[in-house]
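Should a chain be cited, it is by its letter among A, B, C and D, assigned in written order, with residues numbered from 1 in that chain.
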């Protein structure tokens, strides 16, 4: 157990430090503001991930536990009814105090207390909760990037989160090939001893018909062809609800795309406004847009079972080893996986035999299993070490501020 | 083909007549008003089902076709973009002219023209479209009852659609038993030559784990126990979105339930306000309520594949031979099926290999395959001859004006 | 008192009959539906005006009073908190039962009972309340026309309430002259023994600066010039709130105006869609539109005190002796008054010393004295015998479904 | 002109410095966030008041004018259509960049350029615009306090803007006396050479009936009696629209009041949560609440003409010489004026002969003259030197985040 605890301690500080690194380029003001109800302030992410450790680890295991601040229990609770009341989600941006400095103090104090705790004899339950807390914080690390991107996009000055890389001459994306799956039984869901969320369990059999999946996600150039063919103006391509969503939003292209006055397209990114790169995978799509494109292209979205079986069979690498700010083109060796989340046609639902974890942490996944769609793969913004082929991300069909794209599928 | 055409002609007049019979107890005013955006006026149902025949049959097959009224094409189009523009759904109740009398004239004229058409040589495509039109009209017959029920429920006088039956002494519902399904492959989807909607196809294999389904739907008495145990006040039983829905609606019991000042419960029905009948299946539940009850009861909702396999294996009779105004208790021989629609945990999605029908009638099913949940079985209000074990009904999770209840399931 | 009671009885039946005449061209369906929250169904108007007599007269004066139907007290109460609870305003259109026939029975029974009451010895308080009830019913007679007009305008068929008159060759409107008012004290408010609403009292002094009012309301031709000069696209002409209203409504011309595909303008009227008549006074303006036009024309709206003083000094005839369905051009001898209500710049506020009537009827006027603007004059749709120069009509600034136009004013 | 320019220069730096002093206790985060659409971030106030000088003074008078930042013209425009487009009001809080530091740089640079300009020969038009800019900035100084107060009130920690004063033992408020006004003509509106806004002009005659005004505003103790007598639960006291507002808000006491669990009332103030002080004038009332209280108390709100005539006749001192954070009790020598703005029953409307200023600065007042009510007097938060008896403040009837109370009036 000592080695395990050492590894956990090391992981703890690595993950916690990574959150601070994400906030480093930002001012206290950047970290405080909430741009929409779906997004949260960076400061809130920094505090809430700390709250998780304080509430579920320190409060349970630290002798003589005293909270850092009694009001934080409510202020930085996200949605755990089991922990008591919570500050309304849409008002997270109104909390100017505690300021960023105090939240950093909060982090530092909790980290020191965790370090002390982890240095002692380490119960299994404690290790499990710390591990869960780290995985939880990694999820928020991705949200920190997508949420700050949305905030900066609301500023008419379109400021950059970070200076952009030098643009090399773009090479075209790899040709798209169809990867066949034969009909038959396969198993999906997490296997093995490593960490997985409860929603990836239990591993179970599914029967798949013969089908094929594309060898890489849809590119900007391909999606642009849809846009320029009038795809956003023809209801026939769209789900009825998707068409209504489109009219209500007044959207004529993906979020963050801008038509240049002189022609061509630009895309707002964490590097600021840049020319749209044809070879990169299209991103920031809603489910509705992904579905409409697939229909227009004479294909469909894969199911999550098809996706997972293909990922295993073709050894897609979802894990890119580093968190980046924008999806790359041409990740051929990994079949393009791991750059953008890929919408599946699967509604987010419990696996047969699903059991949520005991206690308040059991509110983590199960209670969101309605009116959300599963995304698979992982994105450039996913932290290293966080993903697995069995990983299930999920968002409502209208969400488009995530790094979400699509991969085509078709029946055999 | 003559016999087929004769049968079709006979079916045509039987189905068309049944719609008129549903409207018979109603005044022109009852038929005109729309009580919410989800519901439609009875007059609109009468006209829209006629529009379907006029647009998809007469216009395609009648020589020298002239529309009954040129404006009806737009006025009584529901959602077929392929047919052109349409009157906004939420404003269907504002159409006081044409009045009911003119709509009945419209029906009579279209019926006469259909009769002439069906008397001649009958192309396969024509028969197919007439059959589709009849199935479509039967769906609207069920909606006519649920929509008028909602409208009458908005009237403080709580008027009855029809005089209620004499109340016999109630017997308790049959004991609930668990019907086991063994793990393995099974097939779902429509088989055989009879009519089915495109969404029931293609028939395909699924793998099911071992599980069990209840021998009958949940009863009013059982659901009342949940209500009285504080089920509507404890977030732990509810999906997060369901809990938010509950707060927004301010609901503390199912739609149409009223707590009597003197104690006990009454339920608004098409017979007016009546004492809640313990043995009857609970109805007018949303998906959220069905899911919460199942969770509270230590069970879960079945998937649609589990439901269909069980229905076939245990020979549930969904077909009751007569359209009725309220679900009955004690339909033991049919395992209680066919009285209330049963929410499943399955999101409404295309079957593998799904292809919508060609042309505008292809907008019938596929474009609604997002953010809806499948209901199986059929209800008291479903017209006779309309249902099959493979039948897929679907509504958004918050819909509760349908005759929808639930049947419990559990993993083995 | 006998003569008075006779006159009152005669007036009672004349006014009550006039309401029925307004409903005569309408179907039960036309009378049932509510097209927006601001408008009410014609059936509701017929019932509510009857409710007024039943509640405030019969209940107070009839020995052994028994209500026609106990639920009507709540169902047909408009806004009198003093009478108890009431059916929500926006849901008046959901009441399909009682139907029109029953409401006509209600009217007939109440009328018979009133006749019996008025035939007996007639207390002053009773006469006062009957008189108030008749004035109240006349107000609803005007609303019946504007509400049914709005409802019919929502129907894509644009049906007519009544067949239109033959169109004579139009003569141009009279030249507009400025009628000067000299500075000084004048008195406004009701004087004399005749009926007036409480909001017209007490008569009181005001000081007016020197100014001038136009000799007639603004014509369609004049308003069309504003529209065609881009008046609806230039924020400089508009109150800030008016500009926001315009954007939110997406309005580019007055309500009921339609640009003809072939050029020129049509206007929906109670006669159906007709060519816009240049010489007629512009109507169906909101306060925002009236104010913007005046600003564009280098003038302003009059105050209500200016209007009343001018009306008396120049002997404007507001009373046209007959209720009509559309404003006429060229009512020169009456200075154009009495065809369209004229927006004033005066917010609806109590006169100095204002006292609402005692009891529930005191809720008639005073409680609406905020965020409404006074209109003066009267319209073609005002019933004969209803108006006085001191009459104060009032609506919120965004209301445009009334026959409301404007008359220009300017400082000397 | 030199003396005048010197005085103006001195005033310029005094007023500009005062804005900085208001922001001094605040963090960058406090200054960035917008708590509701009606309020603005403190940083926005600091920038917008600077924008006013840059746009209307420097751009017009500085040779070779170059803007500090080209995007600020749009970013910090409030509502001047004449200046071009503007950032949406409700999204002012999303502008995290420029940060507070850059906005302070903006202020410093504009101040230096103004100083240079004012050191030269000073055109009358320039002096006029600088004076207007200073008065404008003073208005924003009051809003800075009310807006930050609202923001802090949204924080469950209820942080204080500044440490509170030691509480002395409270003395009861002065007895309320009725100050009579005799009937007759009087004049209102600005007179003399000093600065006034265009909406205070022209001075003009009004006729007032005999009436009386209270010698001081309503106190917390008096208002508390209304609350505890059930005033918020009885519709009879309220304007119809006020009652609807109350239900929609769910309000049972004034904004910022909290019932203590142990009994009694607390009030959130810029000093944090404090015991409600009985003798202080009640504040943060909407028009609806002020009107309801007056009705309950058997009185009414004064008109603005009555208020101004009384203020002059009784020499009310609106000017308290220092900006403070909360209204004081017992300002008897000034008849209680200058502590809270006093709602009048007068709708905000142009005075007879009103002419807005030429050019974009003419958008200052006139275009808001609809659906707002005039407040008179001034509040503790009004900057010294800013007020006059003819000063007209105005807000919509539902606004209650200003320091607004009321003074009773009655007819003689």
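Going forward, a contact is a pair of C-beta atoms (placed from the backbone, for glycine too) under 8 Å apart; a residue touches a chain by one contact, two chains touch by 3 or more.
All values derive from a computational prediction rather than experimental measurement.
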Practice problem: Please flag the chain sitting at the greatest distance from subunit A, going by CA centroids. | Solution: C
Quiz item: In whole angstrom, how far does the Cα centroid of subunit B sit from the Cα centroid of subunit D?
Solution: 58
Exercise. Measure off the straight-line distance from the CA centroid of subunit B to the CA centroid of subunit C, and report it in whole Å.
Key: 46
Quiz item: Between subunit A and subunit B, what's the gap in Å when you average each chain's C-alpha atoms?
Solution: 38
Self-check item: Residues of subunit D whose C-beta touches two or more other chains
Solution: none
Quiz item: Name the touching chain pairs, would you?
Solution: A-B, A-D, B-C, C-D
Quiz prompt | Touching residues on subunit B, where the partner in the complex is subunit A | solution = 79, 81-82, 185, 204-209, 211, 235-236, 238-242, 287-288, 291, 300, 345-347, 349-350, 352-353, 367-371, 397, 411
Quiz item: So in the complex, which bits of subunit C are touching subunit B?
Solution: 27-33, 35, 71, 74-75, 87, 91, 93-97, 99-100, 151-152, 154-157, 159
